[in-house]
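Here you go, one structure.
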Amino acid sequence: MLYCVEMQVNIPDSLEPSRVEAIKSAEKARAIELQKAGKWPHLWRVVGKYSNISILDVESNDELHQLLSSLPLFPYMTIQVTPLARHPSAI
Amino acid sequence: MLYCVEMQVNIPDSLEPSRVEAIKSAEKARAIELQKAGKWPHLWRVVGKYSNISILDVESNDELHQLLSSLPLFPYMTIQVTPLARHPSAI
Amino acid sequence: MLYCVEMQVNIPDSLEPSRVEAIKSAEKARAIELQKAGKWPHLWRVVGKYSNISILDVESNDELHQLLSSLPLFPYMTIQVTPLARHPSAI
Amino acid sequence: MLYCVEMQVNIPDSLEPSRVEAIKSAEKARAIELQKAGKWPHLWRVVGKYSNISILDVESNDELHQLLSSLPLFPYMTIQVTPLARHPSAI
Amino acid sequence: MLYCVEMQVNIPDSLEPSRVEAIKSAEKARAIELQKAGKWPHLWRVVGKYSNISILDVESNDELHQLLSSLPLFPYMTIQVTPLARHPSAI
Amino acid sequence: MLYCVEMQVNIPDSLEPSRVEAIKSAEKARAIELQKAGKWPHLWRVVGKYSNISILDVESNDELHQLLSSLPLFPYMTIQVTPLARHPSAI
Amino acid sequence: MLYCVEMQVNIPDSLEPSRVEAIKSAEKARAIELQKAGKWPHLWRVVGKYSNISILDVESNDELHQLLSSLPLFPYMTIQVTPLARHPSAI
Amino acid sequence: MLYCVEMQVNIPDSLEPSRVEAIKSAEKARAIELQKAGKWPHLWRVVGKYSNISILDVESNDELHQLLSSLPLFPYMTIQVTPLARHPSAI
Amino acid sequence: MLYCVEMQVNIPDSLEPSRVEAIKSAEKARAIELQKAGKWPHLWRVVGKYSNISILDVESNDELHQLLSSLPLFPYMTIQVTPLARHPSAI
Amino acid sequence: MLYCVEMQVNIPDSLEPSRVEAIKSAEKARAIELQKAGKWPHLWRVVGKYSNISILDVESNDELHQLLSSLPLFPYMTIQVTPLARHPSAI
């Protein structure tokens, strides 16, 4: 089941640089892991922003929330979720 | 080169039903043609709306505008275009 | 799987009154049918508006779109879909 | 009397982690208490957000404000209240 | 129980002038009736707009929706409802 | 001359608690004083928010600004002012 | 007493051209009359729009609404009213 | 003196096709004329929309409004004007 | 050449009170100077806000930006600029 | 391939003045370098704002994101990207 998810990152200035780096590394590792598991089939950068547009493939709304809230950057992201359905003209 | 394109369809009441059906058929044929040509790799329905979220794969901004403005439903769509770049964590 | 769905109805003036009544009757029948089937567990009127806030219970995004787009008022509604997950403090 | 209430939590970075944990524990306890008392019949997590959509069941606007402003997270929440009425098609 | 209600009137051009006058007369009669009954304690014109800001005093959300949807201009109004509570500094 | 005024309070975290309490006490005293003087005939709490909707009764725009900017909470409020006129259906 | 008033004109296509011209002529005559009377001290065109930004000088909110609602174009305008006060740095 | 001008075209369905074609031809001729005169140095299509982003080079605000309001499509365009100044880092 | 300029002031809490007072004094002196020079013919306070609506009279967009960016409060203001033209009904 | 890019700068108060100056100098040097390379053909200041409207000329979406994210002010800018195509009336 697919969802279009836009994640906008806003890291506060008050966070220490070393902490920021640790979070970003953990985020990258988790993103790669979820891609390999087939849960995160598409991940694109939005040009000019510290944001991504992603397609997530999960079993349920609950799984999607668990996946998103487990991301190391979750506390610093504004996330917009759009549920997707099969389009009648899609081949 | 990828773009995320959201197309929201608003067909006016004044359009005759037979004309609407003809446009929709032509739109479907064109959408299938462009998917087969690899120009429109993803096409999803937005749940609860007469809208789609699509990924288009074209050579240039000019090609994207030509493609979108050639769609039979183009005069009846509100289109939002987001240019995409490779994400550093994408595998 | 639950979704919060807000449906705002906008019937154009150009629609004939008898046609409007037929659509509303069909909508009511379908709404009752879906409630009885357990697919539409909650349906509330928004005070002061020709809108409802509903909770839908379906198996997938695809089923939700099929359900919503099968409503007789679907062509005249603006629909907002919010996927819901279990809340950790819910009993 | 029912209200749809959307609560979005924004805890400032300046709050000490131990204070945050204490507030969250108190919030959870209060939410469970109000659910058991029948005042808060539905509590759902919004997927991808630190927000909930809730249905509150109270005697009056005054009781609703007292209930909401008594929540430990109240100072850190943006709350949207929508009064609900019985829908003519609800069974 | 008080609510602040903003009603913005948008009468479509397609409505016949005599029909418009009939609706406006009926609306005025109903507004006066509800004021006399103590249900509509305040009714003000918003300067520069075909809108009013009103205070309604009813027993419940259901009564408020019945009252508002019974107004002759209801099909031509966009209505915003804000539930009010007693203010701790009010005398 | 009446105005509908919506005041939304946003006290920054950086303000010391004792200072906050002093400002709130002074605000309450001033609000009571202005109500007694007939300048602030209505003051309601917006349910679920640290906001009020008020009706102010003053001689002029200048007097309204002086009144509002003299409030102890003024530096911490976002204020929306709507000028009101007599409604032709008001009794 | 001054107000900044922005008036945006939207004349519907369905209005007959001769009727439109008659309304515009009447509007111009009324605008000149009110300027000569000192009620409308400033009237500017917003570049690129069928809108004006005006300063009105009236005795009260009621007079302002009467003035604005007496304009021949009033039914076809969206009007935004901002009450103005003396600025402490104005000479 | 430069301005960034975004023009969004919305031609109503009620306009006859032959009239639409005549207006578009006149618009194109006028746009070419103004470009040749150096008044309209840049004219770009916004991808996916019936809109353009343009740079206009005129002597004054008055000249800009005269230029824009003289365009055959002016009655059918929503126009946003942004005044531009020299940037300190421009070469 | 006239422009309508709305300036909204947002001074951060972190700025020292003495620094704030110095900036405000300098702003007032500069505003008076520009009014005397005929560059700033109108300056009004927006009722209920720490904002002003002003009319500026300058030779060019460049002069306007230089004037605005030279204001001591410029780093703490959100500024909206609307170019004005002569209105055909202005006397 | 052209893009219209609006960059709005928001430097946080917490950044040290010397650091701010260093970033601004580096930004200016980079902007000049990119203009000389033909990548940034137009750079204008938006009147009244710490913003610019720019035209960028690059080979791809990826190159545009690399260019923008390499700007020293990138972490402090809100950037809006609009892809441009050739306009049929452009000469």
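All chains are identified by letter, namely A, B, C, D, E, F, G, H, I and J, in their written order; residue positions are counted from 1 within each chain.
Definition applied: a contact is a pair of C-beta atoms (placed from the backbone, for glycine too) under 8 Å apart; a residue touches a chain by one contact, two chains touch by 3 or more.
Because the structure is predicted, anything quoted here is derived from the model rather than measured.
Novice: Which chains are in contact with both subunit D and subunit H?
Specialist: none
Novice: Nearest whole angstrom, what separates the Cα centre of subunit C from the Cα centre of subunit J?
Specialist: Once rounded, the distance between the two centres reads 45 Å.
Novice: Determine the centre-to-centre distance between subunit B and subunit H, using the mean Cα coordinates as centres, and give it in whole Å.
Specialist: Measuring from centre to centre gives 26 Å for this pair.
Novice: Do you know which subunit J residues sit against two or more other chains?
Specialist: Only 2, 14, 45, 47, 61, 64-65, 81, 83-86 qualify.
Novice: Which chains touch, pair by pair?
Specialist: A-B, A-C, A-D, A-J, B-C, B-H, B-J, C-D, C-E, D-E, D-F, E-F, E-G, F-G, F-I, G-H, G-I, H-I, H-J, I-J
Novice: Sort out for me which residues of subunit J touch subunit B in the complex.
Specialist: For subunit J paired with subunit B, touching residues are 1-3, 60-62, 64-66, 81, 83-86.
Novice: Would you pull the subunit G residues touching subunit H in the complex into a rising list?
Specialist: On the subunit G side, the touching residues are 13-14, 45, 47-49.
Novice: Inside the complex, what are the residues of subunit A that reach subunit B?
Specialist: My answer: residues 2, 4, 27-28, 31-32, 35-36, 42-47, 52-53, 55, 82-91.
Novice: List the residues on subunit C that touch subunit B in their complex, please.
Specialist: Those residues of subunit C that touch subunit B are 5, 12, 14-15, 61, 64-65, 68-69, 79-81.
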